[in-house]
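Below you will find the structure I want to go over with you.
The letters A, B, C and D name the chains in turn, as written, and every chain counts its residues from 1.
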Amino acid sequence: MSKKFDHDIIPAYTPWQETTPGGVVTESGNAHYFKTGDWRAMKPVWKTDQCKQCLLCFPVCPDSSIIVENKKMTGIDYDHCKGCGVCVKACPFGAFDFVPEGE
Amino acid sequence: MAIREKLSGNEAVAVAMRQINPDVVAAFPITPSTEVPQYFSAFVANGQVDTEFVPVESEHSAMSACIGAGTAGARTMTATSANGLALMWEMLYIAASCKMPMVLSVVNRALSGPINIHNDHSDSMGARDSGWIQLYGENNQEAYDNCIMAVKIGEHADVQLPVMNCYDGFITSHAVENIELIEDDKVKAFVGTYQANNFLLNSDEQIAVGPLAITTHYFEHKRQQAESMRNAKAVILDVAKEFEAMTGRSYGLFESYKMEDAERAIIVIGSTAGTSKFVVDALRAKGEKVGLIKLRVFRPFPAEELAEALANVKAVAVLDKCDGFNAKGAPLFTETLSALYLADAKPLTVNYVYGLGGRDVRTDNIEQVYADLAEIVAAGKVDGPYRYLGVVEA
Amino acid sequence: MAYNLKESTTKPERLTGGHRMCAGCGAPVVVRTILRALKEEDHAVIGAATGCLEVSTFLYPYTAWKDSFIHSAFENAGATVSGAEAAYTAMKRTGKIDDTYKFIAFGGDGGTYDIGLQSLSGAMERGHDMVYVCYDNGAYMNTGIQRSSATPKYADTTTSPAGSVVPGKQQFRKDLTTVMVAHGIPYVAQTAPMKNFKDLYEKAEKAIYTPGPAFLNVLAPCPRGWRYETDRLMELCEIAVDTCFWPMFEVVNGEYTLSYKPKNKRPISDWLEAQGRFKHVAKNPEVVAEIQAEIDARWERLLKLCGEEA
Amino acid sequence: MGNMLEIRWHGRGGQGAKTASLLLAEAAFDTGKFIQGFPEYGPERMGAPITAYNRISDERCPIHSNIYEPDFVVVVDETLIDVVDVTAGLKETGGIIINTSKAPEEVMHKLKGYKGGVYTIDAREISMATLGRYFPNTPMLAAVVKVANIMDEETLITSMEKSFHHKFANKPHVIAPNMEALKKSLTEVKGA
């Protein structure tokens, strides 16, 4: 490979001389740079005031999009959230609204 | 000082593997390759190697485990034959696409059905387009030498491909013959230590191997893989030179035997080359200008070199120990024809499918081919280029 | 240390967002939890059989895995990861590497119950120090919802369609967990994402840190294949467990222990009615009775094995 | 290929004809020869007739076919004479060595008019007398070396002693009886 790409993200139709040997990807977790937020039709909206910080929303998210820092829920990663609503249902305290995207 | 020994082909390959001391060997028994993992597992049991031996439950898993081990960063080897190679088929392509060096000793055996344990080349010839380098040996010495060189060829930075070390089942694998072994330390120095560029167990850099690559990437990956195969030719020759410096034994892409002024030639692969050399000597003693080309490297195919070697020959017989079932000639024949078509000189060319399922190839069979070639030269044309040698006709 | 959800959130996320699994898929939820059970300082080699999880998490040039990851084919995750584990054993022995690695293979029910069963069986029998995790969504979802041997009886799939004569899949599901118990390996467990994920997390931790081979069978609902709204993931898991369609238990060195016994065992009709794939039979009393009888029989057997009162 | 000697062995699966051919190859190898030792493989199991071959020469023999015109034939089990064409292709300048208690003239009539040398050796008697068990290999090996004049007796004895020490490293008590069987066989081959 003669060229270095950001985060090992080889663009589509990269010349064969420059792509990675054997299709190996050497930056682990670089899917982080792929945004799946635009898959969303519905959007969970976190209501801070109703949140009891039970964190039950954290493990149920298929897209690792519940942001927890220092054992506290701090927000939603909308870059990756696909709007499945699992967190909304998992919350025992009604701390999420689930609204159509764009509203 | 080389070690003078007498070993069967399988023993010789197992000894080479002991000297190479790979990290992982994963294998499943199938006649006639079974002895290779058998001998090798004894080396493991007796602490003569550091290898982790994985006695898998199928050849598919053997190749899968080898891929897992190889991508993890291990120097990896295995052996199989016939249906075992067929069961590996899917994984052969994947190993090559991962650009993963590994050595697979293919002890050539007829592919079922009907089931037959004896030698022909239908197993490895079927896998010819799987992206593996293919070396073929004539006898135990070559099986041993090729096994050692294969490590270095596959691991070369310009190649990074898996290599098949093919030799004839029973004829080579089970016959005990004289052999010159290389001292352990010399083999060790020759193959060196394997250091993969990217590997799963590299704690400094986690990697991912074996992606889904859709239309935007797949083609480029295959093109890159094809380039590695192209690069392999020069590397095979370089490794052979280095090997010759160590052992005095010379290897090329093929061996030309008494070809300097030959008017009639046979191209053949494997143990039959030995029997054919005997016939060439006998015919030469009678003043006949006959020669022989023994192909060692089938992948990459040495097209230009072969065409050049045949440039001054009037007629050539291509002997295939497998049928291509394309109704128009077997693999070595069609590839040789392609090579000649793009060259200036075009000798009269005829195909013989021979020796299927272990049908013994006798000196008089080979004499017959040279006699047929004489007729072809006299006639100036080939009638019926797709022939069989040694099959019983009504 | 006893499981604590809050504490577990301090572990690094080892599966990133940005993968292409369907919205609401159960599989990444299972995977995330299992990876959290890894000690932070330990490396891992993760393998996956071809399937939804694999193609969605490693679509070139993106990998969602923070650990080293290998995919080779559909039917051979067991063998592939056992090869990597063998490499680790050998290279560690010769001093070529010195970090600690754990080995985890993931396969769907297609790659585990069916095409990959031989490879899995071989890997477990040989005793590799690895965990094989089946994320069981009860059909070949990756190729478009074809029946597998894990598909429940009467489920409507694209190769066991509910027709006017044949009402969906005709066989009860294979009990793979018991098949794996029969391998005599040190740790086998069946679990599902439930409540605060204690059961799944703790079983993953035991599986990963029990020396030798371990097998986890984990329910992973598929909204597309089961036909339910994506936000009902956790509810579906709960119904599966409370109807005893998917009991949670573990088998340590051959000893069965029940992990969860519903206070009120719910009728199987709750399970059938919750999913579109059973729509054609969910209200058919004969079918419901037949399924209930089978569920009850399997549950009774399990209770006996676990030394529990019925 | 001057000086090439070709030998064909007939035995039954499990009797050690293959092993005997490999032992012969080993002994000849020790004298500096180029050798080939190979069985004709099949799916046969214990008891089925099997064939094995040797080529012994001063230079490497490139031929890798079976042997159709052997110089010598060794029959490890005399009952095979009735079921296998043991003299097929056998050169009349050579000979056939048969494991039997009979004298050569007593078995000759079964050999389809073969005109070359016929030799017999009672490997069972020798084996039982020396080893106490029936292992025909060593006697047959000694017999063919003597009859075919593959090497002188001293060389054979030295080579086999070395080979037995290696082969029976874990049961040294059988070395002496095997050597005795070897020496006894060299003197007890009958025929000319």
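Observations on the structure shown:
By our rule, contacts are C-beta pairs under 8 Å (C-beta built on N, C-alpha and C of every residue); 3 or more make two chains touch, one makes a residue touch a chain.
Here the structure is a predicted model, which means the values were calculated and not measured.
Across all inter-chain contacts, the pair with the most C-beta pairs is B-C. The mean-CA centres of chain A and chain B are about 50 angstrom from one another, to the nearest whole unit. The distance from the centre of chain C to the centre of chain D, with each centre set as the mean of the Cα atoms, comes to 63 Å. Rounded to a whole number, the gap between the C-alpha centres of chain B and chain D is 35 angstrom.
Measuring from the averaged C-alpha position of chain A to that of chain C gives a distance of 23 Å. Counting partner chains per residue, chain C has residues 58, 60-61, 63, 65-69 touching two or more of them. Within chain A, residues 10, 23, 25, 28 each touch two or more of the remaining chains.
Taken residue by residue, chain B touches two or more other chains at 98, 206-211, 213, 217, whereas all remaining positions touch fewer. If each chain is drawn as a node and touching chains are joined, the picture fits none of the line, ring, star or complete shapes. Taken pair by pair, the chains that touch are A-B, A-C, B-C, B-D. Chain A makes touch with chain C in their complex at residues 5, 8-10, 20, 23, 25, 27-36, 39-40, 55-56, 58-65, 68, 70-71, 77, 79-86, 88-90, 98.
Considering their complex, residues 43, 45, 47, 54-55, 58-61, 63, 65-73, 75-76, 78-91, 93-94, 96-97, 99, 101, 118-119, 121-123, 125-126 of chain C touch chain B. Chain contact summary for the complex, chain B toward chain D: residues 6, 32, 117-118, 139, 168, 170-172, 174-178, 271-275, 277-278, 360-363.
Against chain A, in their complex, chain B makes its touches with residues 97-100, 160, 197-198, 205-211, 213, 216-217, 219-221, 223-225, 227. On chain C, the positions that touch chain A within their shared complex are 5-10, 13, 15-29, 32-33, 57-58, 60-69, 193, 195-197, 223, 229-235.
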